[in-house]
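The block underneath contains the structure these notes are about, expressed in structure tokens.
Naming follows writing order (A, B, C, D, E and F), and every chain is counted from residue 1.
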Amino acid sequence: MTTETTHRRRIEVLADEPLIPAIVRLAAEAGITYYTLLPTSGGAGAHGRWRDDQLSGATAKVMLLAITSPEHAAAFIDRLAPLLESHHLLLLSSDVEVVRGSKFD
Amino acid sequence: MAIDALLQPVVLFFLLGALAAAVRSDLVIPEAVAKAISLYLMMSIGLRGGAEVAESGFTHDMALAGGAGLALSFLLPLPAFWLLRTLGKLDRTNAAAVAAHYGSVSVVTFATGSEILRQAGMAPAGFMVGVLAVMETPAIITGLLLARAGKSDSLASRGGLLHETFLNGSVILLLGSFLIGMIDGKEGLKAVAPVFDVPFRGMLCIFLLDMGLIAARRLMDRRALTARTVALALLLPVVNGSFGVLLGSWLGLDAGSAAALGILAGSASYIAVPAVMRLALPAADPGLYLGMSLAVTFPFNLTLGIAWYGWLAARLIP
Amino acid sequence: MAIDALLQPVVLFFLLGALAAAVRSDLVIPEAVAKAISLYLMMSIGLRGGAEVAESGFTHDMALAGGAGLALSFLLPLPAFWLLRTLGKLDRTNAAAVAAHYGSVSVVTFATGSEILRQAGMAPAGFMVGVLAVMETPAIITGLLLARAGKSDSLASRGGLLHETFLNGSVILLLGSFLIGMIDGKEGLKAVAPVFDVPFRGMLCIFLLDMGLIAARRLMDRRALTARTVALALLLPVVNGSFGVLLGSWLGLDAGSAAALGILAGSASYIAVPAVMRLALPAADPGLYLGMSLAVTFPFNLTLGIAWYGWLAARLIP
Amino acid sequence: MTTETTHRRRIEVLADEPLIPAIVRLAAEAGITYYTLLPTSGGAGAHGRWRDDQLSGATAKVMLLAITSPEHAAAFIDRLAPLLESHHLLLLSSDVEVVRGSKFD
Amino acid sequence: MTTETTHRRRIEVLADEPLIPAIVRLAAEAGITYYTLLPTSGGAGAHGRWRDDQLSGATAKVMLLAITSPEHAAAFIDRLAPLLESHHLLLLSSDVEVVRGSKFD
Amino acid sequence: MAIDALLQPVVLFFLLGALAAAVRSDLVIPEAVAKAISLYLMMSIGLRGGAEVAESGFTHDMALAGGAGLALSFLLPLPAFWLLRTLGKLDRTNAAAVAAHYGSVSVVTFATGSEILRQAGMAPAGFMVGVLAVMETPAIITGLLLARAGKSDSLASRGGLLHETFLNGSVILLLGSFLIGMIDGKEGLKAVAPVFDVPFRGMLCIFLLDMGLIAARRLMDRRALTARTVALALLLPVVNGSFGVLLGSWLGLDAGSAAALGILAGSASYIAVPAVMRLALPAADPGLYLGMSLAVTFPFNLTLGIAWYGWLAARLIP
């Protein structure tokens, strides 16, 4: 027996912690209400190096992961794209397969 | 006082942290613990300040100092903004963000300063903790007005901003502990003094070790800092702090409290304000405002600033 | 006693945490530190209880209280299950899971209650810590029997369940510390008292601040709670707790220990039991059992329940 | 020079911490013995919002990542699929390339 | 409107913490200067089981994530491949889509 | 002394941790907190040692003990390497890595040993903390020379190795705190004693609980350990430690300091050295060197080794 799987989009957004609630609201406007947050511990980008910083949390980055339909993914990307540069965000999109696809619209 | 102050364990641990970072050692205080100690410091400061106010009762000085703190926090960002625009050559957004930091206050600078003043027989009044709490947020409002923030493309327009500004965890914890201190008084807090009173200075040592590491690492990765902004990060505390002492002395505060008002005016936030600015003014560079407040102003105040505000207050108010 | 108890720092910090969460502040105690404090509380409670038993030696009361605790933990889930099925309208699995929580105990409720009783001159006997340890797990077994658990599709059938039930970290730490306290006695523990005895109440304050945050956040996200389950989360502690006091008084325990037995019977687990239930009864809703025990029963006990059990014990055992 | 890479399946399972040992055993039954666990800090799904909770750990979620052959992946998905709904799990499957593919069977 | 996205490679390296600075330098040699570090909490592999260990950090593993062009990805894989076995590394490579592809060369 | 030492809370908590791990309980001390406590222990040891040296001034003994420590750390890896190659049947790289661990020292073994010696009226001199710091790194250099490390395929060739070796966070923190202790002296540290002096033994208990968990879990997953390597992990501390005591007594140190030199020689690193070896000798198996030092030698020293070195020193130096 092979369990049937469905194609969905895997969206990942890396953002400073204070921005996460606003990004969650933006995702909800695009129809994405389910998500998971992953911690990070450091990195480097065009705006320099950083380390985990729980002190003010101002520059601690969090990875938001959401599995969703291609339509919702596109709507979310459209909304987030203009903010990427000004808000120092990282936005990734890729293919993923899930069981019970209807849960991931 | 200056030399003695510099050789105290709190300051030496700060220097040790800075040195460890300077030689690129891998020494790290786990962030969860550093965060917990910063919460501890606020609880402790709040409780002790509140208990003192419970003892002394409400006084005229208290109202004066509170009003002065409110006014300083609202107004200090204005000259700072002007200096940052002209001398600092910063754009409007960055200048506004930095100005908000300098109008607000640093809890740890206040805590260390209070200990050093106490050691020198110039303990500030308990109500200065209330002034500390009062001064945290008004500067943020001035900063946002200066930046003419709230443009439509900002994520901040999706809300959360008011919460970050007025209900910032550290402000609530400080004010709440202050209230609990006022309710329970010294007697009621006796059972918790082994945690919130006695170990305070030792905990401050551990925290300052971490601050030394963080400040020096920021200074070494000073991508965002220029000679002009570093100079301003040294000038602003001296100007603001001296003005705070003068104001305190003019209002008739005791020498310790006037020095503490100077410390508050001269210090720059690096916990509450950055979190709001990241959301409200995302275009402002965190490397700039954290670099200035944390990597330059904080060490300056710790080593020289506090001593200077204390000396000035002692001279003006004999 | 009631009003005094409510104004103690431990309770005020709980309320501060609840308030901060209620206004949706971003205040957070790092979870690693909250977890460490909960481990500390268990070590401290265990050591001090064990040292007291070492001093008093084994007594008749001790055996009686231990037996009573064992029986309560095994049997209290039965009436609770019936109430949850009928009044609460819960399905079998959820009712069984919740019933297990109410048969088991809350370490922090016990700790806070002991401090409040001590303050009121009604310190419970040291062996009540042993009773606390004894009461943690039996209720889980009753709960699983009530749920007729162990169906084949459950991941629990792959083992790990017995370990989670009997070798839960918090149970082992509590029992182990109790034993160490008995071996070393008050004298042998003198060198570690500055960590495990003196700062206990202060540490409890920090922990209760966190509990206030967690409880209020759960209450606000009360998706799983209904008016019926909230009512039961208030009724069950009163019924179980009063019964515990009555039993203790009937067995001839001193007032403090009878009150403590009431606190144990009236409290509901939110550390050991949920971890087992997530594995053993995955279909039961964690939002329901944690919501009831943590967000309703815990605050109720802290503010009113403890005072009531203490008052009742003082009346029954003069 | 270009190092040769092999196609494998990337399996990700998000589950409450108390379930992880049982899921690791289930994976072993499907032939998957190597894995990595990643922490998470919050999220939202059909069963509500959650935050990291180390206190009881009962509702702290952990992400299990395993790179494996398509056959083992299918066997694992078959075993896990019936549990997804009742145990509030998230199961993702996607393509990934690895060097030295024989290590990832 | 649909925001245009570009294909890039998603490189993930799992390594013991003390090795991360050296791996970051290796990545820079291959032209990859932007990256994000993610914490892990445990796992099992050919060299046994492990748990998070911050004490010495010697066996705490960190996941390095870098989005980059296929060329830089290949250069990095070439450099890292000979070290995989001796240094107990895990190296993954997959497809991902990004907005503003020029940022991810 | 031996039995008394075994029944002290520090040792009992270690055994409790080991027991909890042995029955596969899920008890875990959050790693951020364990790490913070290990940093705390180093700060405390350093400060107290430095303050004692400030009081006693520089002495002849101090120079002798320092020189002896330096020599031991450089040279002890040589016979260890030979034993590991011949009796242990390890390859060159693994033998060199393990040898480096045994030449270096364990801070917690030293801390526990000092407390046990102090209890027995044999407190080591304050300068032994300096010797501890001196002994951490030389053994690493010998180990790397023995391994003929630095081949081109190693990531270590990309730098970072010198930093990990000489600027390891724990070494810097220990040395820095030692210096601060020397600068401020007992008087200057009075205000921080409630954190860095009084609670030391209690904090050690919590840390040893964690060490018990970690050591037993490593022993149970002893994939990398053989009967031969376990035997050597018991033999090496006895040989090295006894030699350390003899050397100390031959140099004319007091009994407590000679015992401490034995503890340092007999202990094996599990914090500083593994971090360097992972980078410098990636082909060496961490399961082997951490298994030997942490899971066998550490518990041996804690339960028997320290008592033996103390007894030997007391016999040799009446």
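Rule of thumb we're sticking to: a residue touches a chain if its C-beta (ideal position, glycine included) is under 8 Å from a C-beta of that chain, and two chains touch if they have at least 3 such contacts.
All figures in this text were calculated on a predicted structure; none of them were measured in a lab.
J.: What's the fewest number of moves from chain D to chain E, given that each move must go to a chain touching the current one?
T.: Graph distance in the chain contact network comes out at 1.
J.: Shortest hop count from chain A to chain B along touching chains?
T.: Step count on the best path from chain A to chain B: 1.
J.: Using mean C-alpha positions as chain centres, tell me how far chain A is from chain E in Å, no decimals.
T.: From the centre of chain A to the centre of chain E is 19 Å.
J.: Let me have the rounded angstrom distance from the C-alpha centre of chain A over to the C-alpha centre of chain F, please.
T.: 45
J.: Taking each chain's centre as the mean position of its Cα atoms, how many Å separate chain B from chain E?
T.: 39
J.: Got the chain A residues that touch at least 2 other chains?
T.: 38-39, 54, 57, 94-95, in rising order.
J.: Got the chain C residues that touch at least 2 other chains?
T.: 26, 30-33, 35, 164, 275
J.: Where do chains touch, given as pairs?
T.: Pairwise, the chains that meet the contact rule are A-B, A-D, A-E, B-C, B-F, C-D, C-F, D-E, E-F.
J.: Given the complex with chain A, which residues does chain E contribute to the contact?
T.: The contact residues of chain E facing chain A are 1-3, 5, 10, 24, 33-39, 62, 67, 94-100, 103.
J.: Could you pull out which chain E residues touch chain D in their complex?
T.: For chain E paired with chain D, touching residues are 14, 38-46, 61, 63, 74, 77-78, 81, 84-85, 90-95.
J.: Report the residues of chain B in contact with chain C in the complex, numbered from low to high.
T.: 30-33, 35-36, 39-40, 43, 47, 163-164, 167-170, 172-173, 176-177, 179-180, 183-184, 188-189, 191-196, 275
J.: Please name which positions on chain B make contact with chain F in the complex.
T.: 7-9, 12-13, 16, 19-20, 23-33, 198-199, 201-203, 205-206, 209
J.: For chain E, which residues count as touching chain F in their complex?
T.: So the residues of chain E in touch with chain F come to 16-19, 21-23, 25-26, 47-49, 51-59, 82-83, 86-88.
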